[in-house]
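Attaching a single structure in structure tokens format; questions to follow.
Labels for the chains are A, B, C and D, by order of writing; each one numbers its residues from 1.
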Amino acid sequence: MAQVAFIGLGTMGYPMAGHLARQFETLVWNRTASKAQAHAQQFGSRAVADLKATTQAEFIFTCLPTSVEVESVVEQVLPALKPGTVWIDCTSGDPNHSRRIARRLQEAGCDFLDAPVSGGKAGAEAGTLTVMVGGNRDTFHRALPAIQAFAGKVFHVGDVGAGHAVKAVNNMLLAIALLSAAEGLVTLVKQGVDPAIALEVINVSSGRSFSTEVHFPERVLTREFPNTFSLALLAKDARIAVSMAREAYVPVPLMQLAAEMFEMAKQQIGGDVDHTAVVKLIEAWAGVEIAPKGG
Amino acid sequence: MAQVAFIGLGTMGYPMAGHLARQFETLVWNRTASKAQAHAQQFGSRAVADLKATTQAEFIFTCLPTSVEVESVVEQVLPALKPGTVWIDCTSGDPNHSRRIARRLQEAGCDFLDAPVSGGKAGAEAGTLTVMVGGNRDTFHRALPAIQAFAGKVFHVGDVGAGHAVKAVNNMLLAIALLSAAEGLVTLVKQGVDPAIALEVINVSSGRSFSTEVHFPERVLTREFPNTFSLALLAKDARIAVSMAREAYVPVPLMQLAAEMFEMAKQQIGGDVDHTAVVKLIEAWAGVEIAPKGG
Amino acid sequence: MAQVAFIGLGTMGYPMAGHLARQFETLVWNRTASKAQAHAQQFGSRAVADLKATTQAEFIFTCLPTSVEVESVVEQVLPALKPGTVWIDCTSGDPNHSRRIARRLQEAGCDFLDAPVSGGKAGAEAGTLTVMVGGNRDTFHRALPAIQAFAGKVFHVGDVGAGHAVKAVNNMLLAIALLSAAEGLVTLVKQGVDPAIALEVINVSSGRSFSTEVHFPERVLTREFPNTFSLALLAKDARIAVSMAREAYVPVPLMQLAAEMFEMAKQQIGGDVDHTAVVKLIEAWAGVEIAPKGG
Amino acid sequence: MAQVAFIGLGTMGYPMAGHLARQFETLVWNRTASKAQAHAQQFGSRAVADLKATTQAEFIFTCLPTSVEVESVVEQVLPALKPGTVWIDCTSGDPNHSRRIARRLQEAGCDFLDAPVSGGKAGAEAGTLTVMVGGNRDTFHRALPAIQAFAGKVFHVGDVGAGHAVKAVNNMLLAIALLSAAEGLVTLVKQGVDPAIALEVINVSSGRSFSTEVHFPERVLTREFPNTFSLALLAKDARIAVSMAREAYVPVPLMQLAAEMFEMAKQQIGGDVDHTAVVKLIEAWAGVEIAPKGG
């Protein structure tokens, strides 16, 4: 019997499944089958053509665009699932969807963990992703060795949905950091300050964030905006975060405004560009670019 | 002739002037004279009772609450100033005020640098502050050895006012990071997630900031909110940042909203508490506290 | 056979059912039965103790706090419903709920109209309410004579859910008008302007709204805030409006912020007061009251 | 001696000065002199080529784009002013500028009233403008007969600056009403509701405002946006309103956000279009137009 299966070989899933294949007998399935075959060749995994064949595994991983696709895959596979299977969803999903999926799996005697990751393409390739896991603690410990195949740090953050909740909030903080740094930097450009120097200062001061330390120097100042994680997907995570807050009647005015700004950006900049390209919305309003002087 | 003078021995100024006194003959003046005398005793500086006596120095430093106090001090001292004196203002001031002060000093043949600092009380005591300097490049190089007495890194960021501009934006980014992390964490608390664990995850993920790495673990989770930098002073810096943006007709919706939230906090929480206590505004709206579970 | 039934004799429903009883044989049901008996005595309606007894009517009206209560009542009555019955929901409800309720009724051969009203307690008593109706056009025309019993103007605004959608947006505009007028008036009070005079001017100028013309003179300046429609219910309508926008990926930054401000007000002022008391949130932030000078 | 002078014959000033000329001996001055000559011919006023010639009048009116132009005109004319002259500024100006202008005039023994108007081009032509006057009460009564030449209602709203303050807030409420109605209507369009019908309903309900009653039917639904008052000028008034609030440390989150949205619109739509064209910003974000169905 195969030990693990991996569904969804995108930018993140492809290398994650590669790390699993080094340690476990691994089945891989992808909507575009050729990608699964390439994976088999590169990492020694086994490509399966039929989604249902993944049910031979003890641990089934998903890494898909949204919880909608996960739900659809679960429903297709459900009749064939063996009791005791653990479903580990690495999608940046929606806690409410996850709780619904978990209930469906439980009816079939299966367990669910939401296990979204942080660290980007680089972290996936290096196998050093941060993983935030929601679900039953015993199930978590059972699945931990498999998860550790692609992880730097693994955290059990609470019940089903908690992993997705923490991921959504993390990404919302990233979204706000991107937007606010852009607002601050266009303000400085208008004052005649070189944004490259301003970033150097901020990055050894109290205003620094992952975004000012990594995104702005590597993606914005260079004007390259390499597309590793789309603006539309970060907008989706922002929506999940504000939706949790609203369901709980929690006022989060900055998060709400940032979520709106990502929707504006989707209309004005497009959703298919890198998430860091959201700074172009702020630049368009300001009428200036965040580019180094004489650069 | 004394080499440097320091006006304003507050939380930051006191240790900064201490570092100067180790390398330079240093005059110190403080509104409450006893503090200057204590400084003299501790660091071997020379306390002067008359503000005008500071004009014996080649470099006069100020570190005061706002540019209003700096302007007032400059006007009192102006008639006694010797041409060639360099005034170095370490206040988190207002670029417009600074440009006005610089013009006044120029009429007396003196130079002005705005040189606000970042790094807090700890950085001031260790002499490792980040200093962002605006003003003439030659003046900057003349003053650099004195500034380095209390600095880790020193940056020349542009013309007069640029130092204050960068500082205001840095602090605005800090203000937004504080508020948005609070919004995100109360959302997670409502989902049953332990905020201590959520912070651990965020701090190895893309949502991290100085605020989540330092402020939340040390000041918020502990519920200690030690008062090292007041909420009212951060609100003032936020006002400077949005005022620069508005003068330049630059839309900065997140910065504007954050500035309003700091004014709300001043009314609801009070301005005299530590700036990190602004999270209590968000907590009051949510009806929960950001405290570790079982803590 | 009775012609109409009315479920929910609250502030609005009680007089609305009264107008119906003048023209139609009318059954009335209320959770607190004594209110139904009082209605029967006052208007000659017939009080029924069993909710299912309302199914004798051709037209069943509901006027309840939210769509949640409507859905619950529909489910209880559904098994007893006769095909051809028209359900007319005057609740300020949620379009999504309404569409779900309509589908359930359709399975039983019944029709649904969402028919929320505007005009407040005074309009309900005078029988001059504005009614905005969503649903099938033929059903609308069949129900129109009954609806006109309590209406000034009746509009067919679209398919099922459209009535609730228009009502939610109308109330959101009211919410924003209340908040923004409060913001403007505290600003003027701080400038020393008498808010009573400012309102007189605004009400013959381009800044006027229903809120400045009616609410501020009658409820705010008098400091009476008579509780005819609760802050919590207007907050609920605001939530419906922003939820429609978000489902459609439409950025509505002012609506989103206003919805958050109503949640803040529920925490700080309480939800059980009149909706106009939301101005106290703005007053608390400003530290002044919107009261006539020397009043 | 001429009784009144009028400086600034724009869209508003031209007809206002016309009404004055029917009752008073009236001097007119305009930057483009031909307009003054046309006025003289049409209304029997007297065109003067030299700005200083206006000082022959007892009452000098200004109606200019902003307080900056008023200040400049006052400074040019000041040396020639006779003590006792009353300067009546109908510009939608800035209270702080007005107080500065008033002090300058007072040094010359002259009085100042800020007297901005509401009612648009139509009101100016009909002589039915609403006038909100700030300044000394005796001066107000002295000037009242002249002001009434073009007014429907005249209000004394407080000391110097109060007129401009009330006008700025009125226009801010208009700005918010425009933006929020646009947000609400695009939300309804996305729900399939005809915005023309939605407006009919709102205009007999509690969400109505001057903007939904007049602007949307006449300017937006028709897609005509006739340019009677520019977007840039309303943006300027919005800036005056939020600047008053900020100076007074009053949090006004909706006003601040609306001010930012007008700046965004200036960048994206342009400032020279009619102020109602700001709805195109909201439409662009939503990807739909507010146009009647089948219209």
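By definition in this document, a residue touches a chain if its C-beta (ideal position, glycine included) is under 8 Å from a C-beta of that chain, and two chains touch if they have at least 3 such contacts.
None of these values were measured; they are calculated from a predicted model.
*Asks:* Hey, what angle do you get rotating subunit C onto subunit D on C-alpha, to the nearest 5 degrees?
*Replies:* 180
*Asks:* Which chain's C-alpha centroid is most distant from that of subunit C?
*Replies:* So the chain farthest away from subunit C turns out to be B.
*Asks:* What is the distance in Å between the mean C-alpha positions of subunit C and subunit D?
*Replies:* 36
*Asks:* What is the distance, in whole Å, between the centres of subunit A and subunit C, each centre taken as the mean of its C-alpha atoms?
*Replies:* Measuring from centre to centre gives 41 Å for this pair.
*Asks:* Could you tell me the distance, in whole angstrom, between the mean C-alpha positions of subunit A and subunit D?
*Replies:* A distance of 51 Å separates the two centres.
*Asks:* Give me the residues of subunit A that touch two or more other chains.
*Replies:* 250-253, 257, 261, 263-264, 267, 285-286 - these are the residues of subunit A that touch more than one other chain.
*Asks:* Going by the touch rule set out above, what shape does the chain contact graph take here: line, ring, star, complete or other?
*Replies:* Complete.
*Asks:* Tell me, which parts of subunit D touch subunit C in their complex?
*Replies:* The contact residues of subunit D facing subunit C are 95, 118-120, 130, 132, 152-153, 155, 157-159, 161-162, 165-166, 169-174, 176-177, 179-181, 183-188, 190-194, 197-198, 200-202, 204-212, 241, 244-245, 248, 250-255, 257-258, 261, 282, 285-286.
*Asks:* Please name which positions on subunit D make contact with subunit A in the complex.
*Replies:* Residues 253, 257, 263-264, 267-268, 284-287 of subunit D touch subunit A in their complex.
*Asks:* Mind pulling up the subunit B residues that touch subunit D in the complex?
*Replies:* 239, 243, 246, 249-253, 256-257, 259-261, 263-264, 266-267
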